[in-house]
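You will see chain A twice below: alongside chain B first, and alongside chain C after that.
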Partner chain A sequence: MEVVVEERIVKDIKANLNIAGEVKRSRRILITLEKEDLLKVSEWIKGRGFEHLSAISVVDWLEAGIYEITYHVWSQEDKILITLKTSINRQKAVIDSVISVWDRSAGIHERELHELFGVNFEGNPDLVPLFLEDWEGPPPFRKDFNWREYTGEKYYDQENEREHVYYE
Partner chain B sequence: MTRKMRGNMFTTSESIEPAIDTNYDLYFGPAHPGSGNFGVKLKVDGEVITSARADPGYLHRGFEKLMEYRIPLQNAVLSDRLCVLEPLNWNLVHAEAVDELMGVEPPERAKYIRVIMAELSRIQSHMIWYGVFCIGTGFESGFKIAFGYRDYILDIFELITGGRVYPAGYICPGGVRRDLPEGAEERILETLKKAEEMIRFEEMENPTLLSRSKGVGVLKSEDAIRLGATGPVIRASGIAMDVRRDDPYEVYDKLDFEVPVRTEGDAYARYLIGIEEMKQSVKIVRQAIDKLPAGEVIVPELRKPKLNTKIPEGEVYVRNEIARGEAAIHMVSNGSKYPYRVKVRGPDFLHMIPLLEHLLEGAQIADVPAIYWSLNICPADMDR
Partner chain C sequence: MSEKSKKLGKIIKAIWIFNWFNSCGFAELVPLVGSRWDMERFGMIVVGNPRHADVLFIAGYQTLKSIKRARLVYEQMAEPRVVLALGCCTITGGMYWDSYNTIKKLSDYIPVNMYIPGCPPRPEAVFEACGKIFQHVKEMD
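== the complex of A and B ==
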């Protein structure tokens, strides 16, 4: 497969922002960056035609103590998907919001991830709960959240014979 | 009108302004027959909506978390439930993500069967879209006819997968679960004629639909990209974005089809795009059946799936074009038999929250169902 355009974009990013990228396969580029560089790179690739933010995802690496945040951005012009990957400390999960770059399509993904992982996106004014109503527990998608224990305590009655099965 | 009537009835002097507050809150859904398990809180002034706030979460089942505790074989079945209206397309996204992680290349015949099933699923999903759009705008016959014709396609699903609505992981990692049964190709071709009948019915000019949807809920192309629109919604706003053509998967690069685009961006344009896409899907299925090669339908090492098959370490982001728009799965594996993290990107997550809120602002109350259903929405893949 030809990866001419992909390599040119990686070279452009290296020349303009001094950040290394990697061509994974045709139509896929991976850029690993520091969280301080996120806004700078986002703005640059948006200007380069990467206008459609497909998704933002968080991976919780419990042992390493980090959240890996990935931004998947599509360019309709070049027909290429760039994945921006950065990591933050999961105890102090704070990162700049990209709402200034990709507007509300970024805002809604950040709102979801704030609820499910407890990541704070600085600069996003709308981080109110989305799916979970009256949720008092910790962010439920964290790897250290023991949902079995939580639901047992919260929703089942240990005295009730019929619900014993949840405690075995 | 209310203000004036009240003024005439209860006041004697013209100069006294009646103390009526025309601002109120209106809750559209979640028990509204047309809304699905989803609500929108509307702030209304008289007949005009001043602001809208989506209220999702009624169908939040935590699929992404559930998948972290299951092997791909179980997740294939689980992926059906991501969207009730097009389970086969979600099967396909999940299967492709696992294929790519495991480095498995499905046999050529399996790829064609996958495309046939995905496109049939798209046709029946677009029929539902038309049906609920009709019932939302007060044209009930359209709803009944669309759901009637959809059943012909469900018959095909029953024949091939064993389930009418949920295929139970028919499209699985490595290929498809079973080969097409005898005579399935002919049955599919016959059903396509039925689908074409339905398309002809949809194409008939319909004053009810026309008057309710023309010029309603206009989405400008610059807003479409800003709010994350994909699929038929963005194509009705003048941007030809289609994953099948731009980022081809399976055998879409070997098939000839067009990507319909319109520039009006209103509810009527979205409805016309739906019709055009059904035609293209019929065309794709015909070609795929024509080219269907012989051979295996699943890679031999996955034919009898083992329970402790390890997923190699890695990370993939797989995008597909489903009936509603761009669907994607971000799957991360740390080398165990369960995926470490699965992120599901449903098109309706963006269509139903930022986009719907944007379109409803400034609209009339009476236009809410037309706008709502013209987006081809499904709360299941928004909440996941």
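== the complex of A and C ==
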């Protein structure tokens, strides 16, 4: 497979921003970076034609104590997907918002992740809940959230023996 | 037989339904409208406005968000109104018995006249339940 354009983009990023990228295969580039560099790299690749932010996702690594935040950015011109990966402390989950770069398409993803993981995106003015209404518990997608226990307490009658949960 | 039930018995020839279906609840009950079971031969029609409806069908799991809207729909319906809850999800939560964001027992939130169990209930079961509504009206005091 030809990876000429991919190699050139990685080389350009290395030359301009001094950040190493990696060509995974044709049309796929992976860049692992520090969270301080996120905005810098985002702005640069946006200028290079990567205009479509398809998704932001969070992976919760409980043992390592980090949130791995992944940005998938697509270029309509080159038909290449860049994956930006960065990790933050899951106790103090704060990261810069990319709303200044990709505008509202970033906003909706950040809103979702704020709700489900409790990640605080600094610079996003609209972090109101998206799916959950009147939610009082902890962010539900965190690995340390025991949803079975929560459900048992919230929806089932503790006094009633017939409503006791009997899973193994 | 009282005067009221006599009147209602004459008036009720057809039941008009408003559907409040979440997720697979809708997909599984579509055959009710189709030609094989064809609920219209019993005068059952789905209406587009809760204000016109006599019967509210609720099927599928209800999330905390959608149950609020279901309540609004219920409050808009004119008296006398009947609520039929379809499927296991409305009885115990069904597959979602341990989900943090779906309700478990529908009658904790909305007064339910009849539960129809099944996942999904057979169309015949729905018809039988509707037949019981007529009977209920006839036996009213």
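Heads up, the rule we're going with is that the second predicted complex is superposed on the first by the 163 of 168 C-alpha atoms of A that agree within 3 Å, B and C clash if a C-alpha of one lies under 4 Å from a C-alpha of the other, contacts with A are read in each partner's own complex, and residues count from 1 in each chain.
As a convention for this text, a residue touches a chain if its C-beta (ideal position, glycine included) is under 8 Å from a C-beta of that chain, and two chains touch if they have at least 3 such contacts.
Predicted model, so just to flag it, every value in this text is computed and none were measured.
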| item | value |
| --- | --- |
| Simultaneous placement of chain C and chain B on chain A, clash or fit | fit |
| Which superposed partner A:Pro140 touches (first chain B, second chain C, both, neither) | both |
| Inter-centroid angle chain B-chain A-chain C after superposition on A [Cα, multiple of 10°] | 40 |
| First, second, both or neither for A:Thr83, with chain B first and chain C second | first |
| Which superposed partner A:His72 touches (first chain B, second chain C, both, neither) | first |
| Residues of chain A touched, compared between chain B and chain C (which is higher) | B |
| Contacts of A:Ile108 with chain B and chain C, given as first, second, both or neither | first |
| A:Leu132 touches, of chain B and chain C: first, second, both or neither? | both |
| Which superposed partner A:His52 touches (first chain B, second chain C, both, neither) | first |
| Superposed arrangement (fit on chain A Cα atoms) - minimum chain B/chain C Cα distance in Å | 5 |
| Residues on chain A lying within both footprints (that of chain B and that of chain C) | 131-133, 140, 147 |
| Partner chain B, residues of chain A touching it in the complex | 27-28, 51-55, 57-60, 70, 72, 74, 76, 79, 81, 83, 102-105, 107-108, 112, 130-133, 140-141, 147 |
| Residues of chain C that touch chain A when the two form their complex | 64-65, 68, 93, 98-101, 103-104 |
| Chain B - residues contacting chain A, complex | 56-57, 60, 62, 64-65, 225-228, 230, 239, 241, 246-247, 315, 317, 319, 326, 328, 330, 332, 340-341, 343, 345, 349-350, 353-354, 358, 383 |
| Complex contact set, residues of chain A against chain C | 131-134, 137, 140, 147-148, 150-152, 154-156, 165, 167 |
